[in-house]
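The following block contains the structure, expressed as structure tokens.
We call the chains A, B, C, D, E and F, going by the order they appear; numbering starts again at 1 in every chain.
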Amino acid sequence: MAFQYIRITKPAEFVAHVELNRSDKLNAFIPQLWVELGQAFTQLSTDSDVRAIVLSGAGERAFTAGLDVVSAGEWMGEMANLADTARRTTYMRRHILGMQASLTAIEQCEKPVICVMHGVSLGMAVDIACCTDVRICSSDTRFAVKEVDIGLAADLGSLARLPKLVASQSWVHEVALTARDFNAAEAQAVGFVSRVLPNKAAALAYGLDMAATIAQKSPVAVHGTKELLYHGRNHTIAETLKYTAVWNASAIQCDDVQAALMSGMNKTKPRFAKL
Amino acid sequence: MAFQYIRITKPAEFVAHVELNRSDKLNAFIPQLWVELGQAFTQLSTDSDVRAIVLSGAGERAFTAGLDVVSAGEWMGEMANLADTARRTTYMRRHILGMQASLTAIEQCEKPVICVMHGVSLGMAVDIACCTDVRICSSDTRFAVKEVDIGLAADLGSLARLPKLVASQSWVHEVALTARDFNAAEAQAVGFVSRVLPNKAAALAYGLDMAATIAQKSPVAVHGTKELLYHGRNHTIAETLKYTAVWNASAIQCDDVQAALMSGMNKTKPRFAKL
Amino acid sequence: MAFQYIRITKPAEFVAHVELNRSDKLNAFIPQLWVELGQAFTQLSTDSDVRAIVLSGAGERAFTAGLDVVSAGEWMGEMANLADTARRTTYMRRHILGMQASLTAIEQCEKPVICVMHGVSLGMAVDIACCTDVRICSSDTRFAVKEVDIGLAADLGSLARLPKLVASQSWVHEVALTARDFNAAEAQAVGFVSRVLPNKAAALAYGLDMAATIAQKSPVAVHGTKELLYHGRNHTIAETLKYTAVWNASAIQCDDVQAALMSGMNKTKPRFAKL
Amino acid sequence: MAFQYIRITKPAEFVAHVELNRSDKLNAFIPQLWVELGQAFTQLSTDSDVRAIVLSGAGERAFTAGLDVVSAGEWMGEMANLADTARRTTYMRRHILGMQASLTAIEQCEKPVICVMHGVSLGMAVDIACCTDVRICSSDTRFAVKEVDIGLAADLGSLARLPKLVASQSWVHEVALTARDFNAAEAQAVGFVSRVLPNKAAALAYGLDMAATIAQKSPVAVHGTKELLYHGRNHTIAETLKYTAVWNASAIQCDDVQAALMSGMNKTKPRFAKL
Amino acid sequence: MAFQYIRITKPAEFVAHVELNRSDKLNAFIPQLWVELGQAFTQLSTDSDVRAIVLSGAGERAFTAGLDVVSAGEWMGEMANLADTARRTTYMRRHILGMQASLTAIEQCEKPVICVMHGVSLGMAVDIACCTDVRICSSDTRFAVKEVDIGLAADLGSLARLPKLVASQSWVHEVALTARDFNAAEAQAVGFVSRVLPNKAAALAYGLDMAATIAQKSPVAVHGTKELLYHGRNHTIAETLKYTAVWNASAIQCDDVQAALMSGMNKTKPRFAKL
Amino acid sequence: MAFQYIRITKPAEFVAHVELNRSDKLNAFIPQLWVELGQAFTQLSTDSDVRAIVLSGAGERAFTAGLDVVSAGEWMGEMANLADTARRTTYMRRHILGMQASLTAIEQCEKPVICVMHGVSLGMAVDIACCTDVRICSSDTRFAVKEVDIGLAADLGSLARLPKLVASQSWVHEVALTARDFNAAEAQAVGFVSRVLPNKAAALAYGLDMAATIAQKSPVAVHGTKELLYHGRNHTIAETLKYTAVWNASAIQCDDVQAALMSGMNKTKPRFAKL
């Protein structure tokens, strides 16, 4: 699949690098961008040549500035022309569900995703980062759950996911209700990002290095780990334990366990079959 | 509605200040106080002149010392006179459910609530604070989940809510099982409060300022944000995403979005219709 | 019940100390060890002479090194001999469910459990610690969610429980996907442990002291507190509130409330009947 | 409390009879009627002189014809005057939640409710009947989930509750999507009502007789049975079993068990203390 | 979109008729058939010219005979060639999830679906019928949950959905565990189908007539009714009530309510705008 | 394991017959009986020589008369001697949880259980029958949810499970609240039993025949079917679909599929490896 606003490269074996690629507009989101983003992760999910993914924004100034307001004005206008409230509501509900589905494709991607943020990271930046496994950023990153400032509750996932990702609900409610900026240090203090690097280059290097580490592990083990972590986020402990037993009872019957144990003893690097 | 133990003032446009007002008894809770507390927040919930609320305790010494033991002795005595265990249990279950409902009214209030604590903040203090959106305190605040020390498991919400609000379950279990005090610094470290100010006056000023900030946003956006954050606390991510789409598909059809965007461009302060 | 690999002592009134007791093998887990561990906590759960429990590992070098690989090789071999994939899967599912049940017995034990870790604390060490109420460790503790390195997703509870215990999901995903070590300071920063002591002896003394404190409280209050905290972990707030009302409506009818209040007034140490 | 559109009588010891009492308008619902209905059941819930309740409609022609369209036009008009869609939606959401709460009060009433229907039983008739424990009707009853015919999805509970009460989801979807009438025989065949009597008088007599039977049982046992049946409707089996154990562990300590066993042996009628 | 094995016609205004169209093979399922089936319903879901759908099988002999075993042998063979159990499991899990998604598209279609069955209706026939709103059949229909007879548990939804659709779990377990046939009369007795007609032509006519009835109602009301019925199937009553209030608060602001009321008074047929 | 009050026989290949064997006391339940019952099903669950189980009551007069009141008086007395309400409640809660666990062992048994009832089938009879897969009875069976008549809410599962097994909640509430008897015909009409036979011998023969039929199917397919049906009872459809995909992706890799297909083609009886 060829993308216009998404760039996918392979900087190391089994590692994919996905970039939001509309840097002249601070990677602001138009419909084609989020559709391509969803397609990219759906495709990578079962790409047996990929075992870990880094997601970042092209250009020096922004991970993303969020929704492109010019574009948003267009489909808001389309909605306004409809017959009555119920029909406008139906239009918008389908629209929001479609946008959510594009972002959820990142979370549902079978491969772990490391999000590397820098510069302007507003609105959809937080929605997207919440769909990834590990979040790191450069020290210049400026975050905000910005939606309240444009008269909206955030509807692409920040309100659903952010509270489950960090330490302090008092902090979450404060930044969501005031729409105020927060910086890299504050993001790390509450656990939103788990590492801050001096600049974008260093953050990207760190993220790619982590991806390379993960890509050298058994893909069966890595996929199972991601799957079970997400299962746990949405289920009781008892349910996840049972699901885990069913999952692993089969997954354990792979050649990777033997290969990993052998490599451990022989101090060699194991090779795993494609998944 | 006229209250005896609750004082409501309007320190700024669209901001209400609710005070526990039984300071000669360290704002200790008698039945009338919690009934009035619930009524106050139920009433403010749909008061279109209010868009953000600060909750604090009157007097210099305490946010609240918790349950008034003299008063508690009275209704415990009433229970003891009943015919048998099942009847005493029915009496107590209705009693506890009633107290819980009064506190839950704070959580269900459509407007965000900022809790400003100081001094003695024991037992019910924590139950109540857990029902608010943002928690801040003065540096002299002394907290405890005190119930174990009077032979009880906390039953007004601390055990249900506190674990979902902070970082470390190891810490939660420790303070709940030992009933030991913890101070403002420790409360901030685990994310229970998101800001510590030098004294009560400074904390109150900070809280009122945050309330004023929120009160200037679109009331549609603020209410939706609170609603969706609480939905997320009790549902899976997938369920909250769907609920969000249904909620926002309608909420987005308000004049506030236009007003907010215009003000953003014109650097003016937007005015929003009442909700 | 007499155990071979578990040692139970009573260092103080109403306090039990449970030790993993296979220190010549770094307390690595063979089937008999986890079966005995589960039996020990099931038995202590209703032992009216015990009101708080400390769990630690014997020897100076390790809390536990995790699964014993020699032993694991044996039952993996047994599985490999079965007729087909479905039968091997059934064998493994029953095996994993059995191991999980042994660990869950710690969580379901009616008495609070304080886990004191030191030295090597890998793989099952984290699974086990996640089943306890309070976690503390010595400064030399070396942790890892190690399973990915042997070609597996962790299946004894770390992936189900760890995310619900700590602050930062970004951190959880990172340590689970990379299998990297983390030390005591990092464990404390994310809230996995709530206290770090200089060495094993100090950690153990601290843990036993906390257990003694809890053991002097009303056993009805302590048990209720543990029960309701775990209920809250797996239910919505509304459900836990209701369950709490039903639980406490009966629990409050105990002599402990009176005894605790009297002792509070008289500055004496209350005595509570056995539970 | 004095009601205008609800009549409450006490036809037998411990039995209350609640009637919708606006028969000149086929008991069609205006706001005051549903508010009074909710208040009546809230009050009866803890009335220790009542142990079972019959709910029916006054007059010969209708249990209820549903919403009063004249009255509905009024508050629909009030809504239409509001500033924008979001404000109209807020008005309507509060309105619907209020109506739902009035009906849910029937379900939450601690005493069992037997619904006796006859004649016209459309729209809200089904919503209300779904909130009761036992449903019976006269052979002339004409039912419909009528809302689709006025351009609406039913929002007072029929769509939430009816599918959980009867046998065939194919039938439920058919009657809800087509809004067609169904008669008493069809209602019994699918299990919506459990008994059909020849006429209103016979149905009422049958319902009052059943209420009298229930009212002679232990009120502790009857309340527990209703509580646990409703818990089961909204929870997994494992959760209801646990809740049941906590509930009954206390309820069993009542004098009623002894009294019931004695009466059973002595062939006498037991007397139970008030609850 | 052009389909090879699915035929879509428009027998009446706003009514679509979808046929499984591989009658020379008893409409047995090959991958292309289920992919097209899912695509057809996804497309119809937002087709504003369609308001109700009938689903049936082409030809006189079968609704569908279920999975095409020749085709199944092919992808089972592909799986068998993979490296190890974990990789074969991954292949199959993705395959089953894909098939499930195609069928779930029927359930998620915004328009009501009436399933008209006849003749051979085995295995996937039941899976598919369980995804529709209303089920009717001809008297010659022969049903079976056939999977156990080919060494499998049914994995396309019968075990997940059938128990929630009918009266007797004893019956469900019996037919699922024995794989025995059941006929139209038995299907009606347990509520699986809500109507039996003498032959395929009569059943189809009846289904199309019901579809035409539904298609004349307000599309806003019909869609809301379907949405809320499915919400209720997977949520507690309290959750569905709240979701309903949010949904309807917006939906009620449509011109359809006015149009429906007017038509009711004027005895005319209302016309509704497209949705 | 040798049992005193449970008799286990093997009337056909892979079929076990479990009998309540205290017929001189109408199979009334004393603690040893329910403990043995739980142990029997736990043991049979992984007995590879058993693939289907029939459960019935010895003697001509009763499946079971329920709890043995003499025995119940003893442990009620033991409870009464405890120090206070909280301690009595703890005793009873553990007691009830233990009894529930014995019955739940039937539900959790990996093999399908067919319950054959006759004669007196009161109280625990219904609790037990609700834990089985298929229920049949002789025409003389007399059922009742009897607990209300002894001052209790049923606490061994009838209130949790019965509403999920049958058609009409109106009927369930009626029989649970009135404690009235119901006969075989009524039990069949509401779907509680799926077959009524003329007498005990005929019912037993029918049940054993059904068990023999199931025992000849693939044990992998049969176990998966039971597992997924029970998963569905306690989860949403989406969750059960996902669990099903994970389960079957592995289960499908068994030799049974091939064997079943071959036998189907060759008209021979397949043989399946032990599970």
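Convention: a contact is a pair of C-beta atoms (placed from the backbone, for glycine too) under 8 Å apart; a residue touches a chain by one contact, two chains touch by 3 or more.
Everything numeric in this text was worked out from a predicted model, so none of it was measured.
Repeating the A-F interface with over half of its contact pairs identical by residue number, the matching pair from D-E, D-F or B-E is B-E.
For the pairs D-E and B-D, the larger set of C-beta contacts lies at D-E. Between subunit A and subunit B, the centres computed from C-alpha atoms are 33 Å apart. In whole angstrom, the spacing between the mean C-alpha positions of subunit A and subunit E is 34.
Shown for subunit A are the residues that touch two or more other chains, namely 85, 88-90, 164, 167, 190-191, 220, 233, 238, 246-247, 249-254, 256.
Interface of subunit A with subunit B (complex): residues 69, 76, 79, 85, 88-93, 95-97, 100, 104, 147-155, 157, 159-161, 163-164, 167-174, 176-180, 190-191, 233-235.
Partner subunit D is touched in their complex by these residues of subunit C: 243, 246-247, 249-250. Remark: subunit E residues 46, 83-87, 89-90, 94, 220, 223, 250-256, 273-275 touch subunit A in the complex.
Looking at the complex, you find that subunit F touches subunit E at residues 112, 133-136, 164-167, 190-194, 210, 213-214, 217-218, 220-222, 224-229, 231-233, 236-238, 240-242, 244-254, 256-261, 264, 272.
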